[in-house]
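Next come two complexes, and both contain chain A; in the first it sits with chain B, in the second with chain C.
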Partner chain A sequence: MDIAGALSFDHLKFLAAGFKVTLYIAFISIILSFIIGVVFGTLRYAKIPFLSKVVAVIVETIRNLPLLLIIFFTYFALPEVGLKLSPSTAAIAALTVFESAMLAEIVRSGLNSIDKGQKEAARSSGLTYIQTLWTVVMPQALRRMVPPIVSQFISLLKDTSLCVVIALPEFMHNAQIIYAQNINYIFPIFAVVVFMYFIVNYCLSLIARRLENRQA
Partner chain B sequence: MFKSKTSKIAGVLLLSASMLLSACGKGGDKETSGSAKNALEQIKSKDKIVIGVKYDTRLFGLKNPSTGEVEGFDIDISKELAKDLVGDAKKVEFKEVTSKTRIPMLNNGDIDAIVATMTISEERKKEADFSDVYFDAGQSLLVKKGSPIKGLEDLKKGTKVLAVKGSTSAINISQKAPDTTVLEFENYTEAFTALKAGKGDALTTDDSILYGMVDQDSNYELVGGTFTDEPYGIAVKKGNEELVDAINSALKKMKENGKYDEIHKKWIRSN
Partner chain C sequence: MLDFSILLNNLDTYLEGFKNTVLASIIALLGSFIIGVIVAVMRIAPIKPLNWIGSAYVEFIRNIPLLVIAFFFYYGLPAIGVTLPAFVAGTIALAIYTASFIAEAIRAGIQSVPKGQMEAARSSGLTYLQTMRTIILPQAIKIVIPPIGNQFINLVKNSAILGMIAGLDLMYFGDLVSSRTFVTFPVYIFVAMFYLVLTIPLSLGVGYLERRLARSN
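Here is the complex of A and B:
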C-alpha cells in the first residue's frame, strides 16, 4: 500500500475531475428523468384510453431491462441507425430512459395512494379533472413520494459508474486509471471513492429525511 | 467540455422519436458514410488523425493523471504515424477505447485507426482491415514466485486462470488448457489485483503486458515461455486499402530509420 503516492495532489485533482463528470451526468439525468417520470406516471394513472396503455407498455418494458443493456444500446446500437452519441450524451440518454421508467412507477403509486374520496369531493365541487389532479391530488401525492424518489436519485448517482463500460471519464473510470499506474494505489484510492460516494448520497438521504419529517 | 450538451440531449429525445422513420433513411446513410471516399484523403483534409488507444494498460497506453497525457508504446507509434501521414507528430487526437468498444467506434467513424494492443486474428479481419504487424507479443503465464505452476502443462482441472474479457488470450487459454477454469476481468489491473488477492493461480495475457506487472511487484514471475504468437496490428475500417498502405509504409520507415527500435527499447523489457 502506498498512501502518500496514491493520494498525491495530481491524483486527487484527477479524481475530482471524474467526480465532476459523475455529478454533472447525474444532475442532468435527474432533472430530465424527473420531468419525464412525472408525465409518464400521471398519464398511466389517468387511464386515458389507448395512451395510458402505450405508456404502461413502455414503462414496464424499460423497467424490466438491466441498465447496462440500455447503456450499451444507446452507445453501440443507435449508431447503426445513424444516431451517433458521445459517451456523455449516451450515458445521459440511457440513465434518463431507465430512471424515467422507475420514477413513473413511483409517481403512479404515489397518486394511487391518495384517497379516492378526495378526488370525488374535488370533482363534485366543480373542479375539472386536470384541476383536481393539479391542485388536490398531485401536491399531496408528491409529498408522499419524496422518500422513494430521493432513494431513486441516489441509485441513479451510483448507477453512473456503470458508464465506465463506454469509457465515460467519470469517477470510477478515473479511479481505475490511477490504480492502473501502480497496483499499490488500489486501497487508498478505493477509500477515497467510497468516502466521496457516501458523502454525497448521505446528504441526499438527510434531505429526504428532513422533507419526510416536515410532512409528518 | 459539456457546452450545449443540454440542447443536444433535447435533440436526442426528439431523434429517438423519429427513429421509426430511420428505416427509410438507412439506405442513403450507408452510401455516404460507408463508401470508400478515400479515408486517407479525409485524414489529410481534416489535417489530423484520430486514433483509438487504451488509457489503462501499462507500457502500451496509460493515462498519466498528473499531466493528462496518455503514454506508452502504442502512443509513440501513433505519433510517428501522424508525423508520416499528416506531417506533424502533434496532429494526432487520442480517444479512449477498450477491447469492447474499439471495433464499434471504428465502424461508427469516431476514430480513424486503432492502435490498442490489438492482435490480428482471422475473426477480426472480417470486421476491420489490419496493417502489417507492428509488435510481436506472445501469450505467457504470470504466477507468484514459488508457485507449483511451471508452464501450460500444469494447468489442470481445478486450477484457476485469470484473463481479460474480449481478449484473444482468454479464448486461447481455454483451448490450450481445456480443463482449467478461466475467470475473466474487465481490465489488466483488475486481473492482476485478483491474482494478488489469491482469486486465481495464474494470470495469462501477452508477455509484454505481464512484464509491466512484474515491474510493479517483483514477487511475481513469468513461467513456461510463450505459447502463442500474438501479432499486434493497426486496424482501420474495412475497405480502406490506401490507408492501410500508407500505414504500412510509415511502419516500414520507422523500422528503417531506427525510430521503431528507439520506441521499443523505451517501453518494452524483454528477457
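Here is the complex of A and C:
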C-alpha cells in the first residue's frame, strides 16, 4: 500500500473535481425528477381516462428496468436514431427518466394514503377537483412522502456512479483512473471513495430520519 | 420497425445472459436473506455490542453505491492477492448490498409488532427466544414479506452491475451482441424485454401479496 502516493495533492484535486461532477449531476437530476415525478404521480392518482393508463404503463416499464440499461441506452443507442447526447446530458437524462418513475410511484402511494373523507369533505364544501388536490390532499401527502423521497435521492446520488459506463468524469470514474496506475493505490483510493459517498449519504439519511421522527 | 432477426440470430447469446442473470439473482437473494436475517437479529437482540455491529453494517452498506462494492471485489481484492471471477465478485457484492436493505425491512417488521406482545409473552413465562419464535415472528412475517419482495425486484435490476465487470449476465451479453451486429438500439431493446420478462411478473406478484396481506389484517 502506498498511502502517501495514492493521496498526493494532485490525486486529491482530481478526485474533488470528480466529486463536484457527481454532486452537480445528482443535484440537477434530483430537481428535474422531483418535478416530473410529482406531475406523473398526480396524473396516475387522478385517474384521468386514457392519460392515467398511459402514464401507468410508462412508469411501470421504466421502474422495472435496470438503471444501468437506461444509461447505456441513452448514451449508446439513441445516437443510432439521430439523438446524440454528451456524457453529462445523457447522464442527467437517464437518471431523470429513471428516478422520475420511482418518485411518481412514491407520490401516487402518498396521495392514496390520504383519507378519502378529506377529498369528499373538500369537494362538498365547494372546492373544485384541482383546488382539492392542490390545497387539501397534496400538502398532507407531501409531508408523508418526504422520508421516502429523501431515500430516493440517496439512491440517486449512489446511482450516479453507474455513469462510469459512459465515461462521465464523475467521482468513481476519476477514482478508477488513479487506482489503475498502481496496484498499491487501490486500497487507499477505495477508502477515500467509500468515505466520501458514505459521509454525504449518511447526512442525507440523518435528515430523512429527523423528518420522519418529527411526523411521528 | 424492430429487426427481430437480431433477436432470433443471437437467441443463444441472449438466453445465456438471461440464465446467468437469473442465477446471480437467486444466489444473491439467498445470500442476502441469510446475511439480512443475521444482521436483523443482531440489531434487535438485547445485547448492546451486537446492536452496534448490526447498525454499523446497515448504515455503512446502505450509504455506499453498489458499484463501489462490486468494483472493490473485482478490481480491489487482487491488490491483496485475491482474484475472483467476475460472476462471483458481482454476486457477492449484490448479496452484501441487498442484505443491508433486507435486514432493515426485517427489523422494521419485528419492531412494528406492539411492545405489549413481547411484555405479555415474557410475563406469562416464555423465554425471549420462545416469544420471538411463537409470538413475534409469525406476526412480523406478514409485514416483512412485501418489502422483501420489493428488494428482490431491486436485486434483479441491480444484477445488471455484473455487466460492468464482465460478469456474463444479460447486460454483458447484450454488449457482445451489439459488437457482433454493429447496432445498439434494437439489441438493447431486446435486453430490456428480457429484464421486463423477469421484473414485471415479480412486481405484479409483490403487489398482489401486498394487497392480500393488507386485507387479511
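The rule we apply is simple: the second predicted complex is superposed on the first by the 216 of 216 C-alpha atoms of A that agree within 3 Å, B and C clash if a C-alpha of one lies under 4 Å from a C-alpha of the other, contacts with A are read in each partner's own complex, and residues count from 1 in each chain.
The working rule: a residue touches a chain if its C-beta (ideal position, glycine included) is under 8 Å from a C-beta of that chain, and two chains touch if they have at least 3 such contacts.
Keep in mind it's a predicted model, so treat the numbers as computed, not measured.
**Q** After the chain A overlay, clash or fit between chain B and chain C?
**A** These partners clash in the superposed model.
**Q** What is the contact status of A:136 with respect to chain B (first) and chain C (second): first, second, both, or neither?
**A** neither
**Q** May I ask you to decide whether A:166 touches chain B, chain C, both, or neither, giving the answer as first, second, both or neither?
**A** first
**Q** If you stack the two complexes on chain A, which partner ends up touching A:183: first (chain B), second (chain C), both, or neither?
**A** both
**Q** Output check: A:76 vs chain B and chain C. Expected answer is one of first, second, both, neither. What do you get?
**A** A:76: touches chain B and chain C.
**Q** Quick one: classify A:89 as touching chain B (first), chain C (second), both or neither.
**A** Touch status of A:89: first partner only.
**Q** Now for A:145: first (chain B), second (chain C), both, or neither, which partner does it touch?
**A** It touches nothing on chain B or chain C.
**Q** Going by the contact rule set out at the top, does A:193 touch chain B (first), chain C (second), both, or neither?
**A** After superposition on chain A, A:193 lies in contact with chain C alone.
**Q** In the superposed arrangement, does A:67 touch chain B (first), chain C (second), both or neither?
**A** It touches chain C, and chain B stays clear.
**Q** Of the stretches 74-82, 110-118 or 128-136, which one in chain C hits chain B?
**A** Given the superposition on chain A, chain C and chain B clash at 74-82.
**Q** Residue overlap on chain A between the chain B contact set and the chain C contact set?
**A** After superposing on chain A, chain A residues 76, 81, 165, 176, 179, 183-184, 186 contact both chain B and chain C.
**Q** Any idea which chain C residues touch chain A in the complex?
**A** Going by the criterion above, the answer is residues 59-60, 62-68, 71-72, 75-76, 78-80, 153, 157-161, 163-164, 171, 178, 183-185, 187-189, 191-192, 195-196, 199-200, 203.
**Q** Please give the residue numbers of chain A that touch chain B in the complex, ascending.
**A** Touch list, chain A to chain B: 8, 10-11, 13-14, 24, 28, 32, 75-76, 79, 81-85, 88-89, 92-93, 96, 165-167, 169, 174, 176-184, 186.
**Q** Which stretch or stretches of chain A touch chain C in the complex?
**A** Residues 1, 60-61, 63-69, 72-73, 76-78, 80-81, 154, 158-159, 161-162, 164-165, 172, 176, 179, 183-184, 186-187, 190, 193-194, 197-198, 201-202, 205.
**Q** Give every residue of chain B touching chain A within the complex, in rising order.
**A** 2, 5-6, 8-9, 12-13, 15-16, 19, 22, 25-26, 29, 55-58, 62-66, 68, 96-98, 100-101, 104, 107-110, 187-190, 192-193, 196, 213, 216-217
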